[in-house]
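Each of the next two complexes has subunit A plus one other chain: subunit B in the first, subunit C in the second.
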Partner chain A sequence: MEKNRFKEIAASNGTLVILIVMCVLVTIVRPAFITPANIMSILSAACVTGCMALGMTFVIISGGIDLAAGAEVAFAGCVGAAFGQTAEAAAGKVIDGLPQLPFIIPLVITLAVGVLVGAFNGFLISKFNTPPFIVTLGMTTVLRGATLLMTGGEPVSNLTPGYVALGSNILDIVPVAVIVFIILIIICSVLIRKTKFGKDVYAIGSNEKAASVSGVKVPQRKVMIYALAGLMYAAAGLIVAARATSIHPGAAQGYELIAIASCIIGGASPSGGTGTIRTTVIGALIISVLRNGLTLLGIESNWQQIAVGLVIVFACALDVRRNSSR
Partner chain B sequence: MAEEKFLLEMTGITKEFPGVKALKGVELRVKPGEVHGLLGENGAGKSTMMNCLMGIYQPTSGKIVFDGVERKNYTPKESLEFGISMIQQELSPMQDRSIMANIWLGREPVNKFGLVNWKKMYEDTKRVLEIIDLDEDPKTLMRHLTVAKMQMVEIARAVSYDSRLIIMDEPSSAITEKETQQLFKIIRQLKAEGRSIIYISHKLDEIKEITDRVSVYRDGSYVSSANTDEITQDQIIEMMVGRSVENLFPKVKVPIGDVVLEVKDLCHETLFRNVSFTVRKGEIFGLNGLVGAGRTELMETIFGLRPRKSGTVLFKGKEFNPKCGKDSIDAGMAFITEDRRGNGIFPIQDIEFNSTIANIDTYKGAGRLLNLKKMQKDCAEYIEKIAIKTPSQAQLIKNLSGGNQQKVLVARWLMTAPDIIIMDEPTRGIDVGAKSEIHRLIGELVKEGKSVIMISSELPEVMGMSDRIMVMHEGDMMGIIENDETVTPEMLMELASGIVREEQ
Partner chain C sequence: MQEKKKNNTLSIFLGKYGIIVMLLALVLVMTILIPGFLSLRNIQGIFLQGSIYGIMALGVTFIIISGGIDLSAGSLVALAAVVSTSFGQLDTAMNKIFPWCPQLPIWVPFVVALAFGGFLGAVNGLMISRLKLVPWIATLGSYYIARGLALVITAGKPVAQLIPAYNTIGGKIGILPVPVLFFAICMAISWILLNYSKFGCDTFAIGGNMSAARVTGINISKTTILIYTFAGIMYGVAAFVYAGRVLSVNPGAAQNYEMSAISASIIGGTSPMGGKGTIWGVLVGTLILSVIRQGLTLLAVDAYWQQIAEGAIIVIAVIFAMRREKAEL
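Take a look at the complex of A and B:
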């Protein structure tokens, strides 16, 4: 009886068990893994793609996919940063002669750009009934091009103290970005579990036609889903800019794949209708722990990439098995 | 007795799913050249048993002997090869491929280069379609066929397999009476060739007409078998439900009130024209017609799921022009759709989600957050109230039987506290027990002063339940008649088939 119960818990928290086992194994081989500094570095490394994965979770549960996530991070990040350069940064200034503005302005602009771009994606998807895959694939190129045009291919640097603060650590140990990440996790989690919007997202992902019969305004919801995702990508863009006090137009290249992978490893089904914020965060942490652990073990980054890729494939295979055994 | 030969013998079949024992030592014996009726309420285990036979599920224990050989651990493909094929109740053809590609999927004829021989495939398909009298070009895409014709293609496919045993899981649930007679003709033809048919249906008159022998299951157990001509319909029902059902159509007389819904000259671009009718408080308004009459499309238009071309709708005295389902729900209209899997259930969500989704606005509390506790409570209340059979409300709806899924959908719409409820084929593919419960519910609804529009192809149901009946034929309104003693099935059939038109 006790054993069965343990099995049940393990089965319903499979990804959490994997995460814990990974942590234990790495700790045995490299005790340095479990130091506070290293744990913070794992969390910190998970922040950017983690924020993206939060937004991506809504998209994937609704049965969609967002390949433009990485490009949105760079676009929103760069547009915002253009308003966040110091006055004396004469060379490399995107908007000539702009005085130094309070941090709230680039902050709001970054987030607004993310929301607008996301809403536009959602609009294209629902208005013309185009597959999200195609729309966001196209938008990736559009956004990358726009970012390069705007910045002239140069990084947007010399950012104001607000950015510096966002990229710093509290008490020299806890990164501000991690705090932001945790707050966003809580907000997203409440949104998906405890609001009508969240239920609508699940409804659209599990049966779109039934959703519209049952009173879900599907087109409007899709715009909101991609807009919310855009907001999360913009937050990731802010963190990217803050960390280096500079953001490159080619930033976050390929990050959308890590974000998607976090959702899938966590157990969200690519065909929609399932997934939670909790499991996505676990998925994001699994990738981060894997990278960190491999680094501690002295395995070079090219091999790490292969390892992460294999984990994603393995997770998808697991997802298929999980669904067929039902 | 000893030399009695069986084509199929399944004995002591059990099947366990996590938390549920779906089959408890069930048996089935089918003779060569026999049409064997399989009966039982939803959840009795018929579908599970057939899935075990087809190799889709592996039985937990039990023995399957087919054609004198014990069969173990086989796949659906192997069962097709040794001579069993099945026509599923819920069709899932490849919509964007042709009839012939669907029929010969996985065994396409090839020429000497190993490439698909389209010409032979075309000819072979033509031949098979001729056998079942389906007048369609083999190159027609499945998407362009009606549900009825898709089903005929499935039957053609089973015929093309040359199977010794063909399982038909409620083949008549989506087709017209004429097509059912066509189906019976084919069944008799197959039987004459020495093939056996397992015929699953809830329609007892069909069972009486076509089967030689019946087996009855109840709650995952085997009840008994009998020769069809030695048993009455009432006895069959009693075996199925374990009690006698006195009144299939418990229509209660309730006072009819004022007009609630008034539809005037409603037209759709192509699907129907100039439809006008009124529905009053406490009334059951029956809507009859053949497949393709435009009944579902008419209701979808009224509900705001399709654009209308012209015409007006007054609901509770006000101009009603909903742009989406939400507008109609807010106004007090509910719509239980016909296609449960297509636009009814959210298969991978639980019962709680499925029952509360249309009513979710009312659970908004402080800060627009949902009152999850209240959702749980309401769901539990409805499970109790309309007797949904499930281990818990966290059960995924796709794991329930068809009848219980339908009850969850009824719960979903009752929770929205509607004034008028549109029910599109509310008892299609549902067993006698669940059916009479749905009918009882409809009776209760009108007693509470609600109005019901009931689309139904089943004449006994329409005639048993309705106050008035509107009949449609290919998008035209053929007439509205008071449902009194003078109404006969023949009258309705004549209207539905477009032979006569009621004078306005």
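Take a look at the complex of A and C:
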């Protein structure tokens, strides 16, 4: 009886158990893992791909996929940053002669660009009924090209104090980016659990035809889903730019994989219909702990890339087994 | 009503022969814009440029016909190229990947490229058929793993100072570039396999309707593994030819080549939903891409614009493919 209950808890919180076990294991091998500074660096490292994963969760639950996420981060981040350069940045200024603007302008522009690009992806996918992974793969190349074209291949740097503030720490320990991440988590949780939109996302992912028959406006919802995801990528782009007070056109390369992995490890099914914001966040933390732990153990980054690839494959294989045993 | 029917016949005609019309129109436009576009040297250049992703596109086409996708193609080419050229370095090479390896004849790296490519493809196939992973997820995973392995094996440095025989692989016989010869041979093999073998038949059947294929007694799991293995062998050939062309293989090689291969296949009329595709379509799709690339380069179009154009081409190709699909229903 006791055992069964334990099993039940472990099964419904499997990802959380994995996260805790991982933390304990790394702490035993490397006690430096559990210091406040290191914990903050894990959270901070999880912010960018974590924000992306929040948006990706909506996309994956709806049965889609967005391989352009990384490119969208760089594109939105760079377009916004072009409006957030200081007046002194004469040499590397993307828009010549632009005066120094208040932070609200690059902020709004970044987010708006993210929404527009996402909505365009959603439009291409829903209007023409095209497979999302091919369309977003094509958009990756288009967006990277556009970002390079706009910046001339150079980073957009010398950003205004607003960016500096976003990239700083509160009381020297809590990064502002982590606070932003937490706020976005709350917004996304409410959206998916308490709104009609959230219900529709699950309905589309479980059975698109049934959803359509029961009155869900599928094409319009899909545009909204990808637009919302674009908004989250743009937020990630802001954080990337703020951290270094500069953003490179090649930024966030390959981050889409980590965002996708976070969702899948958290239990979102690649075939759609399942997933939650809570488990996605746990998934993002698992990857961050994995990378941090591997770094503490002195394992080089090429191996880390291999490790993340393996984790995504295993997480999916587990998901398939979970589904077939149901 | 009459009007609509006419429109449908037109779109079906364009669906069948539209790509040839498109290729001819493109060549015509380029010939007008660029003097000497149809010179022997330039035509050789167009075929030469297309040969590597053309060979990859052959493998990718089998996969897409079966209803799958392979996002790892470029990474697998890089890994197969890195591993196979490690057996084709000069005895005197400075950075030998395998210091114990003596100088070997060219057929050894060739066999290694094909065998290792096939092995990598089989791993993709196993993940998809045995672990029941969605193809894009499985191949996205191997995309990262393979690239990571290529970096680990080479420690990030290029594999250079290859045996002289590689010069022949990247060279010419008379007016015929050797890579194009490889492409032609691979095309012939793929054509026979796709149209005149049980394997080809099964590939179409799986992509057309998987449950129907299962009912008719096709071993889906085995066929899927074979399809990805065959694609892997094609990537191996592409890797070998690639090494002959560049003579120094970087672990970051062939980045984004999967995009070109998928584009070539879909422009050539392979249905993104599976069940349809032809080998001659791959040839035409490959040539369309090459003509556009060569043309844009000769017109001195900025490299960034070219990148944008290439991404746009794949998106537009998929949109047209889906409309064609609708028109034929």
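FYI, the second predicted complex is superposed on the first by the 326 of 326 C-alpha atoms of A that agree within 3 Å, B and C clash if a C-alpha of one lies under 4 Å from a C-alpha of the other, contacts with A are read in each partner's own complex, and residues count from 1 in each chain.
Throughout what follows, contacts are C-beta pairs under 8 Å (C-beta built on N, C-alpha and C of every residue); 3 or more make two chains touch, one makes a residue touch a chain.
This is a predicted model, so every value here is computed, not measured.
Peer 1: Given the superposition on subunit A, are subunit B and subunit C in a clash or a fit?
Peer 2: clash
Peer 1: For the three-chain arrangement built by superposition, which of subunit B and subunit C touches the greater number of subunit A residues?
Peer 2: Larger number of subunit A residues touched: C.
Peer 1: Once chain A of both complexes is superposed, is A:Phe33 in touch with subunit B (first), subunit C (second), both, or neither?
Peer 2: Neither subunit B nor subunit C is touched by A:Phe33.
Peer 1: Output check: A:Tyr255 vs subunit B and subunit C. Expected answer is one of first, second, both, neither. What do you get?
Peer 2: neither
Peer 1: Touch test for A:Phe75: subunit B only (first), subunit C only (second), both, or neither?
Peer 2: Once the two structures are laid over each other on A, A:Phe75 reaches no partner at all.
Peer 1: Which partner does A:Phe181 contact after superposing on A: first (subunit B), second (subunit C), both, neither?
Peer 2: Neither subunit B nor subunit C is touched by A:Phe181.
Peer 1: Is A:Val213 touching anything from subunit B or subunit C once the two structures are fitted on A? First, second, both or neither.
Peer 2: first
Peer 1: Both subunit B and subunit C touch subunit A; at which residues?
Peer 2: In subunit A, nothing is touched by subunit B and also by subunit C.
Peer 1: Using the touch rule from the top, collect the residues of subunit B that touch subunit A in their complex.
Peer 2: So the residues of subunit B touching subunit A come out as 303, 305, 324-326, 328-330, 335, 337, 342-349, 353, 357-358, 360-361, 363-364, 368-370, 372, 396, 399, 412.
Peer 1: Give the list of subunit A residues in touch with subunit B in this complex.
Peer 2: 190, 193-196, 199-200, 202-203, 206-207, 209-217, 269, 273-274, 326
Peer 1: Which stretch or stretches of subunit A touch subunit C in the complex?
Peer 2: Within the complex, subunit A contacts subunit C at residues 65, 67, 124, 128-131, 133-135, 137-146, 148-149, 153, 254, 257, 260, 264, 270-271, 302-303, 305-306, 308-310, 312-313, 316-317, 320, 324.
Peer 1: Enumerate the contact residues on subunit C facing subunit A in the complex.
Peer 2: For subunit C paired with subunit A, touching residues are 69, 71, 127, 131-134, 136-138, 140-145, 147-149, 151-152, 156, 256, 259, 262, 266, 272-273, 302, 304-315, 318-319, 322-323, 326.
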